[in-house]
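Paired with chain B in one complex and with chain C in the other, chain A is shared by the two complexes that follow.
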Partner chain A sequence: MSLLSIENLSLAAADIPLVSRLSFAIAPGERLGLIGESGSGKSLTAMAATGLLPRAITASGSVRLGGQQVIGAADRVLDGLRGTVSAFVFQEPLTALDPLMRVGRQVAEPLRRRTRRDGRDLDGDALMREVHALLEQVALPQPDRIARSYPHEISGGQRQRVAIAMALACRPQLLIADEPTTALDVTTQAEILKLLDGLVRERGMALLFISHDLPVVAEVVDRVVVLKKGIAVEEGPVAEVFGAPKDEYTRSLVAAARAFDAALEGTP
Partner chain B sequence: MTTLDALAPHRRDHSLSLWIGLILVGLHVAVALLSLVWTPYDPTAMAGGRLEPPSLTHWAGTDRLGRDFFTQIMIGSRIALIVGIGAVAIGAAIGVTLGMLAAFASRLLDDALAATLDILIAFPTLLIAMLVVAASDTASLGSAILALGIALSAIVARLTRILAKRVLVMDYITAARTSGTSWIGIVFRHVLPNIWPTLSVNFALQFGLAVIAEASLSYLGLGAPPPNASWGRLLQEAQGTVYTAPIGAVAPGIALVSLVIGVNLLADGLRDIGDPTRRLAR
Partner chain C sequence: MSLVSVEHVSFNYTRDRRVLDDVSLSIRTGASIGLVGESGSGKTTLLRLLLGLTRPTAGRIRFGEAELDPGNGAFMRDYRRQVQAVFQDPYSSLDPRQNVLGIVGEPLRSLGIPGDRRALVEAALVSVGLEPGILGRYPHEFSGGQRQRIAIARAIVAKPKLLLADEAVSALDLSTRIRIVELLKRLAAEMTLVFVSHDLGVVAALCDEIVILERGRIVEAGATRKILADPQHPYTRTLLDSVPRMPA
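Let's look at the complex of A and B:
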């Protein structure tokens, strides 16, 4: 059974279609990339997967997360799936962390929910020990200091590691990463990508990786869906889609990425 | 590790306004507490001649019935603090609840609440308070506090609604939702702490507003009835003798202004300490 199965999903704001009849599925442990340019509906699709669409957007079709129909389901039902079946890592780590809450407490929140779900209620010291362990797993130096810091007191790369630690704290079956490296500089990007890739493999999590950056996507996923203006124009294994793109739009994306690489290497 | 790290943690910058506020409010609180156990004279007894000027025996003179004026001001401190705290507590309880409901409500309910609040705010606070007092049977300290609390709640509700809405669209709310935080958890763990710095400063402004409004109610005879020595009633009683014994108007006036200014300065200073992101900006 698929962890996430989307069938004929259409999203619209008022009468403007944003995503049209999109279908794809992610099996346990599978890694799928959703690519396309800004405004192609990638992030909205991710939000729709957990039923967190803005009120103004209407959804039709079917989204099943962990076997549960998401569209039209009550928040009470979905709260049980969020953090259990799926967890998110967002693009902008500064705004994705509560500015007035110390990092340690922010990681402790989902951690406590998960351990309670597992039937062991952690208290102060034991909880903090696990928070520190999580911070170490995402390769943060001096977890003691980081845990006591506010988000504005640590660097962008460190903040994204904290956000990843928060997602890991949920121990989800499916990790949804929405442009997790876009807001970071190139060297940090590579580090975060490596960390994410390693953690997903290590834990056998499924991954829905959303990005506009082809080389980044190619590095971490097996299969891709190419979105253009809310319509899936191509789908298949990474090597196939990027090696021999069938659709005009995919070809232009690949060409653009090649041109960029060529420019970097100084060859015309 | 950036240069910001070295600056940010544990930096305590006690500003001047915090200290002045602390001293002024502390003075009023001390005087109010002291008045519970000791006053220079019995507040209702004729302690001296009528309308005596300030002297060593009567620090602020006596009123037209010969009662010690400083004693009355001390009792007034107590009443002002009770009114301020009571009215703000009621206003905050009703206002924050309503504002939070509006922020989370459906579009239609939110619009209805927002329009109602705008209409309520269009009425002067004092007018609403007068209507509520008039609706209750007798004028008492309790009804004045309730009236002011209700009048203030509209302002608190509107502010809460706007602040909460601004926080609700932030990424960290979405992030918390994606990890399974319930709406109740969102309110108490993320929304309230993030709007608190602004709200608490506003509560201090409301406190000042409530103290002044209660003085106005008492001045109009709608506040705490005699022998409760509200500053407003002292001002009203001094009106007839303001040319012969100006101290009767000046003393409660100074008491009123110093408390209101003190609370505002204190709130301003506390906000800077309470908000970790502001410690950097200073």
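Let's look at the complex of A and C:
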């Protein structure tokens, strides 16, 4: 059975269609990339998947997360799915973290919730030890110091690692990452992609990875859906879609990405 | 011949941290140079110095024979005519209350350039691939790529010798980005271009020369082809290895 199953999803704001009749599914352990340019509806789709849509946007169709219908579901129902079934890593780690709370406490919150779910009530030193272990798993140096820091005291790449640690603390079956490396430098991006790839594989998590950047997507997923103005124009395994794109829009994206690659190889 | 030379320039915003450290660079007439670096490399500060928005803490920048002096009004008027800029975000770099004629014609007015302003603006729009008929329209009516074309038209309307671009395609979608890179490449054939970017792929597609900045220092500089094929500095190699590539 699919972890996430989206069928005929349409999203609109005041009668302006944003996403039209979109369908795709993610099985446990599967890694799917949602590719699109600005305005393609890729982030809205991810938000719809976890019931995070703003009120002004109306949704129709079906979104089932962990077997539970998300569209129209009460917050109480959604709360039960968030963290357990899915966890989210956003694009901008500076706004995703609370600026007034030390990093350690921010990681401790979802961790405590999850351990309670598992029937263990952690607090004090035991909780902090697990926070440090999580910070180590996302390859943060000096977890002691990082845990005591406020978000503004650490670098952008470190903040994104903290955001990933918070998502991992939930032990979700599905990790949703919306442009998680777009705000980062290219060397930091390479490290975060490697980290995400390793963690997702190790834990057998499913991944929904959203990005406009084709080569980045290719590094972490097996299958892609290409969105253009809210419509899925092509879907398939990465090698097929990037190797022999059928749709004209996909072809133009692949050609543009390959042109920059060719320039780097010195063969424009 | 050198159009601009940066000579042993250092810059500190505060006393204890050097943003640029003894940077020297020669910008030849007709060159297209990519200044590549990550956050904190000092690339934007170097660009601000080149624009005369700030003064170096040490060292100097020469434009032809004269020294770039932000305090010298007469020099700066001439400098503004010769050196124009395109910025990263086409949503904040255009005045929302001016129409295209006002925006693109602004340098002609403020620099007191004689001639038929309307005709000059139309010519600039055509050379960036826009319809001359859009003169009366406002920025909100255009897409990101079209806005960036308007910003480029404004930068070239006074026929500058040097075009400075700060991450000018970073905010654009891939398919738009490649078209703006093609436009800049065409323009670079007629003027000198300094293109500041964190994106090596874009710089490789656009520039003949690359200067790699790391934490305020130039670690490597030279012909694009040579640096891509045979990077000398470990940081350049790390940068090149970090760029994600399409699967074969």
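In this text, the second predicted complex is superposed on the first by the 268 of 268 C-alpha atoms of A that agree within 3 Å, B and C clash if a C-alpha of one lies under 4 Å from a C-alpha of the other, contacts with A are read in each partner's own complex, and residues count from 1 in each chain.
Note that contacts are C-beta pairs under 8 Å (C-beta built on N, C-alpha and C of every residue); 3 or more make two chains touch, one makes a residue touch a chain.
What you see is a predicted model, and the numbers here were worked out from it, not measured in a lab.
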| item | value |
| --- | --- |
| Chain B versus chain C as contact partner of A:239, first or second or both or neither | second |
| Partner chain(s) touched by A:88 [first = chain B, second = chain C, both, neither] | first |
| Which superposed partner A:110 touches (first chain B, second chain C, both, neither) | first |
| First, second, both or neither for A:80, with chain B first and chain C second | first |
| Touched partner set for A:265, first chain B, second chain C, both or neither | second |
| Partner chain(s) touched by A:97 [first = chain B, second = chain C, both, neither] | first |
| For the chain A and chain B complex, residues of the former touching the latter | 47, 50, 52, 55, 75, 79-84, 86-88, 90, 92, 95-101, 109-110, 113, 148-150, 152-155, 163, 166-167, 169-170, 176 |
| Of all residues in chain B, those that touch chain A in their complex | 1-2, 4-5, 8-9, 107, 170-172, 174-183, 189-190, 193-194, 275-277, 280 |
| Chain A to chain C touching residues, read off their complex | 37-38, 156, 185-190, 193, 212-216, 218-219, 238-239, 242-243, 252-254, 256-261, 263-266, 268 |
| Touch list for chain C against partner chain A, complex | 38-39, 144, 173-178, 198-202, 204-205, 224-225, 228-229, 238-247 |
